[in-house]
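Below you'll find the structures, each written out as structure tokens.
Two complexes are shown next, each including chain A; its partner changes from chain B in the first to chain C in the second.
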Partner chain A sequence: MPVKWLMHWQPHQGATLNSQILTEACQCVESQLGGAKDGRWKTALTFYRPMLRDASTPGDLPRDFLGIALHDHPGSYFFLLRAHRLILQADSSIQSLMEKLQSYKARVVLNFEGFQYRLGDFQVRVGKCGPSLSEALRGIMMEVEYLPLSSIEKSRQILEDFFDIWQDIVNRRHWPGHFILIETKFCRLWPSRPLYSSTYSGTICQVAWPN
Partner chain B sequence: MRGAGAEQMSVLVRTIVESKVGHNVLRFFYSLGYKLDHELLKEGFAFRFQRGAQITVTVTSANRMPKLHATDEAVPVTPGIQLVEITAPAAAENYNEVVSAVSSFSEYLAPLLHLSKPGISAGTAPTAAAAASSLMSNSRAKTL
Partner chain C sequence: MQQPQAAVSGAAPPQDPPDSGGATTEAPPKQVALAMDRLARAARLIADIRLGADHLLEALFLAADGPHHSNKTIQIILKEEASMRQHFQDLRALGRQLEDSGVLNGSLKSRGNSWGLHMPLVCPDGAVVAYAWKRQLAGQAGASAVDRTRLALKAFTDQKRRFFPLLEDEPFGHSHDGEFGVAKKQKTSHGLPTSHREELNEVKTLSDILTDLENKVPNMKIFTYQRLDWLKRASLLSSSANENSIDPSKEQSMHNPNKLRSGSVNAVAVDKVAVIELLVPSVFRAVVSLHSAGSVNPDAAAFFSPDEGGNYVHSRGLSVHHVFRHVTEHADKALQYFLSVDANTSLSLLLRWIYSYQTLFTKVCSKCGHLLLMDKSLALLLPPVHRPYRQTCTTNFNQSHSTPSAKVQNVDLNSAYHIGCSDEV
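Entry: the complex of A and B
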């Protein structure tokens, strides 16, 4: 599985988040980087909360229970418990099972969606983040995937170079903000696994959007 | 499925949700606050075929374990007695046909064993020994 890096848009102080940045970022990927549009993508992040039936229910139930449906794993679903550093991969039918158990309920669902582009050995996704039941814009993100390699260490320099090129393009445009690279913490979580895997993808969304 | 209609049916119709999960699923559910209630080891065979519906027949023995996950130390819950289950997937649009197919196959097995809804005892088929013996002798004749 290729390595992915994530960036999210941070407006300058006083500037507001608006969809114009998203439109211009997509245009830059096409015109400045030569990306070819390659379809749409969508990832959904769900925040679960415990259904407390009575006062005797233990108070130490996890409050950081997340679920992720990743765009590139359509048949799978990932559950994350951040405090426990636990990721469970399951079939997408696990959502139905969790609904029937009624022990945890989906509180908020955030959708990450946009367009994806192919640039040689890179795949780039630019998209917005917003609540599933609203058109409100909560964030803009960019994901860069280097397809030939699965090694986090071996792909680091290549992705750093890509990030530098992208930052140059953004800086020349004088946009009211900048893209911030989300530092991945895979080595801290799985020091014995230098290769990428689908369970790491789940961590990306969690790391990128910690709240 | 509940109600008078469900009670009149000779088979149980219920919703099943299945999901493949990763190896850390138990640790995950413990972290969510679940507690292990009991553990059971089922061993046996599964047969699948098409007979009006995609039918699965399982013949299994249920075993309990003295220690958690100790499958090597499992002992049968009902020694010498096995559980036969017949299941078939159904949708809201076709469950009547599936019910008929499962009922029909259960009747076909009547000389060997009596099948019934879970929770309702059907007793032992009086012809079971003779039917089994007949089957065994037939298969020996074919081998020869």
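Entry: the complex of A and C
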């Protein structure tokens, strides 16, 4: 699986977040980097909270966990238990199962969606983040993928260079903010796909609750 | 001076039908030959015109010397005028014929059934390229005529060797009466041993080459296959590429234990080796095919992502990724170059050159200092995909008949260039 890096938009102090940045970022990708629009993408993130039926709850139940439906793995659903550092991969029908079980309820659902672009060997996704039920904009993010390589170490320099090139382009535009690269500490024991989903969850936390 | 005129007018009717209708029924090689012929005649006519102008000037000087020369001068001038007029007419007619046959505007591609040959191309600086092979012309606008023809001849030689192997009298490594400069060089180099070439003079077997190489390439895995076995392996690769795990130890265990490892080459099986796979884990996979099984003649080479798999992963296939496609294209040129310099060492040079690509995604360009660069003409972000393959001693071609090729091993393997930063074609 190709390696992906995520960036999220950090507005400057006092500047507000608006979707103008999103359209301009898309424009930049198209004109400056020569990207060809490839389609739309959507990832949904769900926060689960336990439904407590009685007062005596066993202490080792996880208090909350995240569920992610990633855009490039439509048949799977991932659960992340961050406190326990566990990742569970399941079939996507588990969502309906969870609803029937009623043991954990979906409290908040965040949608990440936008356009994806193809730039030669790179695939770039630019999108906005917001709750599923309202049109409010919580954040803007960008994802870069280098298709020929699937090793994290080997592709590090290439993606760093790409990030530098992107920063150059952004800085010339004098937007009220900048893109920040999500730094992740990769654990060697984890296979790559769940790593990506945990990176996503890290992003979400930074994006949805910037404070 | 009268002779070329007569030759032109005499030869014109039978060979050149007045309209293009006759030319299209001729076979493309004949068309190419005709075009070359016409170009030569045009060059002669132009020379004649220049001579005629000189004569006119001479006559004027003669007239200036004194009035007693006036009669003679007038006769000379009249004679010159008549012949110049004739020359110009002939040149015009020839020019029209050349235009019709697509020489001056290089437009023969649109005519079908050209057998892959193209009409000789007259470049803007007046040089004529006899065989407009696409590879040689790309980016050659600034090259000199000598370089162009040399490269065209080399490409022709290599293509001939590749597609008409039966035309070769004997296999490589033996001296034979070849008509090409390359063959001659081999002959002389065998007869003149120097200290540089002693270790290269003996024809190495495939297992020698692979064993040598294995000692020098710690990061690269080398596997050899029979031709059909490689196709099976390539299909296996595609099924594994779809799986989740990218655990490298698992990938190794997938290799069929019967596959040859260069360290323990089975003498019998070496005869059947036709495909060499070079894998630098997580960086690239290169597939090199040998012309006849067990020989040391590399035939083709191609680069792929280590995750790619499928029927198209073979030495003449192309990767789906742009970066590997460009490396493959560059590898084609390198292979042709190594073959043309010395066919005996071409395989080991090629394999070592391929090994230099282990830094494909880490080494910055030696010219601009960046790793990733937007190539303006291709509109792609690429790392430096060019690694130089020419040897440092460039006197090989200038003295091809008299001196043995010296210092064949000094290829600069430490630099890398982006496509746009590279000086080479």
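Keep this in mind: the second predicted complex is superposed on the first by the 183 of 211 C-alpha atoms of A that agree within 3 Å, B and C clash if a C-alpha of one lies under 4 Å from a C-alpha of the other, contacts with A are read in each partner's own complex, and residues count from 1 in each chain.
The rule we apply is simple: contacts are C-beta pairs under 8 Å (C-beta built on N, C-alpha and C of every residue); 3 or more make two chains touch, one makes a residue touch a chain.
Predicted, not measured: the structure shown is a model, and the values here were computed from it.
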Partner chain(s) touched by A:P50 [first = chain B, second = chain C, both, neither]: first
Partner chain in contact with A:L137 - chain B first, chain C second, else both or neither: neither
Which of chain B and chain C A:S93 touches, first, second, both or neither: first
Which superposed partner A:L181 touches (first chain B, second chain C, both, neither): neither
First (chain B), second (chain C), both or neither touched by A:G120: second
First, second, both or neither for A:I158, with chain B first and chain C second: second
Which of chain B and chain C A:Y104 touches, first, second, both or neither: first
Contacts on chain A seen with chain B and repeated with chain C across the two complexes: none
Contact footprint of chain C on chain A as seen in their complex: 1, 33-34, 119-122, 147-151, 153-155, 157-158, 161-162, 165, 191-193
Footprint of chain B on chain A - complex, ascending: 50, 57-58, 60-62, 65, 79, 81, 84, 86-91, 93-94, 96-97, 100, 103-104, 199
Residues on chain C engaged by chain A in the complex (per definition of touch): 244-247, 281-283, 305-307, 319, 321-324, 361-362, 370-372, 374, 378-383
Chain B - residues contacting chain A, complex: 15, 17-22, 24-25, 27-28, 31-34
